[in-house]
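A, B and C label the chains in the order they appear, each numbered from 1.
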Amino acid sequence: MFELLFFSLLNGVVTGLLLFMLASGLTLIFSMMGVLNFAHASFYMLGAYFAYTISTYVGFWPGLILAPILVGLVGAVVERYGLRHVHRWGHVAELIFTFGLAFLIEEVVQFIWGKDTKAYQEPEVLQFALFNFFGQDFPAYKAFMLLISISIFVVLLLILTKSRIGLIIQAAITHPNMTAMLGHNVPLVFMGVFGVGAALAGVAGVIAGPALGTFPGMAVVLGPIVFVIVVVGGLGSLVGAFVASLLIGLLQTFAIALDYSVNDLLMLFNITTDADSALRDLWTLSLPQIAPLLPYLLLVLILIFRPTGLFGKRET
Amino acid sequence: MSNISSAQSAPGSSLFKVFRPWIFLAVLLIILPFIFSSGISVYTMNLMGIFIIFALSYNMLLGQGGMLSFGHAVYFGLGGFMSVHFMNYIEYEIFILPMFLVPIFGGIIGLIFAVIIGSFSTRRAGTVFAMISLGIGELVAASSLIFVAFFGGEEGVSGDRTMGPNVLGFDYATDVEVYYLIAIWAFITIALMYMFSRTPMGRMANAVRDNEERAEFIGYSQRKVRFISFCASGFFAGIAGGLFAINFEIVTEENLNALTSGVVLLMAYIGGVGFFIGPIIGAVVFTLLQTLLSNYTEIWQLYVGVLFVLTVMYAPQGLTGILAMHLPVIRMKRVGPLLMPYLRIGIPTIICLIGLVGLLETVHHVRSMPADQTMMSLAGLEFDTHSVLPWVIMVVFTVVGGFVAKSQAPQFREAWEEAHAPVSSDGGSAK
Amino acid sequence: MTIKSTFVAGAVFATMSAFSVQAADVVKIGFIDPLSGPFASTGTNGLAQYQFAAEELVNKKGGILDGVKFEIVPYDNKISPKESLVQLKRAIGEDVHYIVQGNSSGVANALTDAIKKHNRRNPDSRVLFLNYSAVDPALTNEKCNYWHFRFDANADIKMNALTEVIKVRDDIKKVYLIGQDYSFGKAVAKAAVTFLKQKRPDITIVGNELHPIGKVKDFTPYATKIRASGADAVITGNWGADMVGLGKAIGDTGLDIPIYTYYAANDGITKTIGEGGKDKIRLVHEGPVNPPSTPEYSAYHTAFKAKFPEKDVSQFRIANVIGMLAAAMEKAGSTKPIDVAAQLEGMEFTTLHGENVVMRAEDHQLIQPIHVSVHTNEGITFDSDNSGYGMKTEMSVAAADTALPTTCKMKRPK
């Protein structure tokens, strides 16, 4: 049992931190522009595909650097020529634009790379078991994913709180007009943040591609979950996004690991159920089954009862 | 102004004027299967009818009420599931009920869920509403795979539409019979939704959409107004789901997942959310793209994606908006002078598009076919994808067409503005 | 404006339909399977095999019935039952009377139901359903119908063969069952429980898990759970991306126990598993690949690899579908589904492997020899995914021994 808990904890943290890399960019963009970027997970997918193509020519490591830069550039172009143009039609149009963009990027990816899963592999040097615990291996690549995401969190936090750029960004989040009056180029800041956010998603794609598979549906699988994190964590709160990411990551792995059902709960109280009744699915409902459901339940509850999110100060 | 003028004329003729479009619609719906009688066109029209109702119900939220929903398929899907269960009840003779009444039950379950969900989700509009709808959508879609007894799991639930008492000899064995069933429902629901948009309630929904605060000042609770629109919308979406169940005789998880919610948003937006008939046009265009374009190209979704993004960026009023822009020109009888500029910009644009589409299709062919299959046919032309000439021709088409079209743009804009310039004599009434 | 746009639509219709010309000397075979999404690689690989089989076994020999050729028409169903019915309608509209489908029993259940209804309502345009891979036992038992023919052994038959292997492995005491949460995954789990109880009552089943099909991003939590359960062996029916993910996760956690599978080969799976699965993964299937059976099969395989170097003959039964369909049409002297169905029922056929198979008349289940193979790189003539690894036959069950009783009460048209 301890073994199961230990590895579930590790896996949960790996998943959670991966989600955080997506959520950090999204929450900054969301709080600045007020737009929930539906295409954010698509940048994650682009990161994986770019890195895959680069890796077939020059190997994994250059891809780790180049792919996020490329994705960042794509993001900046999208902001400059897409979002800014649509901005005049209002928030709803912006939201729909990013929604359409997500749809389009998936189609473009299928057009360029095809519909099947790509054989994007982790680098040879990381293909070993880092340690063995109770006879179970922990792959070095997962440790590498942990390392990358933690360092990104630290760097991001330092930039936002300690540097001048970070202060301007924070100012632009809460008081965009005032920041512009003070002579800062707010549109440029917007474009920069959007680009960097996209690049962060790209990094996540580069390192998640080999672990979770590189296929055209990878954005759709992750997209809504990232929304949940941003809303649950609270608008513009990096710490909130961090906590919510870990929460969702752990929630999902532990729900699979702990195989308890409603039936077990009822057994505790000596209640037996009828196996053939129309409600039979309710009695056999087990934690692994409802695992994919939990994040959305959390999302709806948070929106109803605490629209500011766990750590946010403003309403969504 | 127009109300007063019509009240002054004879009541009989005004009544005719009001009902003229409806009579026209009814006649059209009746004769369509005689014009397009092939199996595939009846099938397409059935799908169109269902999507028209679905898209119109969606527009009650987005266009009329200002609520952006990413989970509208929930009501469509639940309506479908309820209806398919009713079809099975009819088959096992638990209920005796003619098949054409089944969509009502779809509508009722849509309404019930809209009441439950709307009671908390319509408190706010904007992003909060959009996010709640997304969360509910994912929640219901995920639970549909868990509660197998009701949703049938991965396989969904199947039914048989030919069961139940035959009324007037219809047993719905053929698609044409189903067409008329859908057409009748479509006619009724379109009329009802149109009337809803004309009621004071419908008008208030517009007011709340445009400015919540002011609407409250005149004594309406914005929340209540949104709630009522939301419930009505859920009801009609459920009816559309019921018709879907009758047409396909199967309902699956897909009917209530995010993809279907996305499709209905796409249809309504491409058609134009600012107009009552916008979603109708959107549904018709989208269904045509889906059923016809997909016969001819594998990458049709890429084209739909491009069309959607271009619509959002450059024509936020949708296709109907583009058509509506021409109304004043037609009314002022100035179509003539616009014709030449249209041809001059249109022909190069079409050439450019032909080149682009050709390039995309050829690239796709080269990548997806086995290496020894280099011959492809495009619009009846056979050519070798590994020879240079077709590529050169397509690139030339794209570049020259694009360049010429761009050079014509200023002249076109000038002609357009000239056609729209108000004439001093009828200045006021042109609006 | 509705009216206007409808008329435009009409014009489009009219021009489009003028293009669809149809020739009488072609039998169109509609291929309804996933060509996009997580299971696209399985679908596209199957499509290539159909195209090759039709070309090689029928068209190259001048066709059947004096020049009638086969044409494979692909329809993408995105693995969804609903989309499959949409595509079925389209196929019927395009004058397709033979439907082949295999991926997902959920889809097959929907199709067999829809085709039964269609044939009842439209006796003049009947359709045959040739199921080449959907192995939910229900399809030839309680849900059987006259228009459905299955060319793959069903989940019970396969599990019967697999458990023959497990029967003699005394070191296996604890078994973990994991599968996809739909009719097929449930059928595999049920069959495993039944046969293990029969053959090895001493084995305990330490886990019986179903996960959502095609939606799991990361199988590591499942692998961790299998490891923690202390299982000596795993049985899974997973296929496509779900098998790749599971195989990879089990490899990553360093789990060193045998895995008994239905579909852990080809379509990128063999390559992904690679060295980590050597002598661990076993597969139950028809058509023995290694060592090569007959010169005819070797020639067929080599020709296929020459045409599709990136793909594999992953589903040999596809050659049987085309071969038996052609033979039935020759025998019937007609390409009408009702005549062909009458010939297919009870038909005896010799495959390229030189094996004798029979389409059992009472439930339309093909009775054929079944083999259990191991994933290895030794003694492999025809590898999978060009990886050097392939499946080597370890044990075979004769056709007659695989036959299990059926509950089917076939209703035949008068």
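Rule of thumb we're sticking to: a contact is a pair of C-beta atoms (placed from the backbone, for glycine too) under 8 Å apart; a residue touches a chain by one contact, two chains touch by 3 or more.
For clarity, every value in this text was computed on a predicted model and none was experimentally measured.
Judged by contacting C-beta pairs, the busier of the interfaces A-B and A-C is A-B. A centroid comparison over C-alpha atoms places C as the chain most distant from chain A.
As a whole-number value, the distance joining the C-alpha centres of chain A and chain C reads 36 Å. Averaged C-alpha coordinates give centres for chain A and chain B that are 32 Å from one another.
Residue positions 212 of chain C each touch two or more of the other chains.
Counting partner chains per residue, chain A shows two or more touched chains at residues 110, 292. Contacts with at least two other chains are made by no residue of chain B. Remark: chain B residues 62, 66, 68, 70, 120, 124, 126-128, 130-132, 134-136, 138-139, 142-143, 146-150, 258, 262, 265-266, 269, 299, 301-302, 305-306, 308-309, 312-313, 316, 360, 363-364, 367-368 touch chain A in the complex. Listing the residues of chain A that touch chain C in their complex gives 1, 3-4, 7-8, 11, 15, 110, 115-117, 119, 129, 132, 135-137, 139, 211-213, 215-217, 221-222, 252-253, 256-257, 259, 288, 292.
In the complex of the two chains, the chain C residues touching chain A come out as 35-38, 40-41, 44, 209, 211-212, 215, 217-218, 220-222, 224-225, 227-228, 241, 244-245, 252-255, 268, 271-272.
Across the complex, chain B meets chain C through its residues 24-25, 28, 32, 35-36, 38-41, 43-44, 145, 153-156, 158, 160, 162, 173-174, 248-252, 254-255, 277, 280-281, 284-285, 288, 291-292, 295-296, 320, 323, 370, 372, 380. Residues 34, 36, 82, 85-86, 89, 91-93, 95-97, 99-101, 103-104, 106-108, 110-111, 114, 220, 224, 227-228, 231, 278-282, 285, 289-290, 292-293, 296-297, 299-300, 303-304, 307, 315-316 of chain A are the ones touching chain B in the complex.
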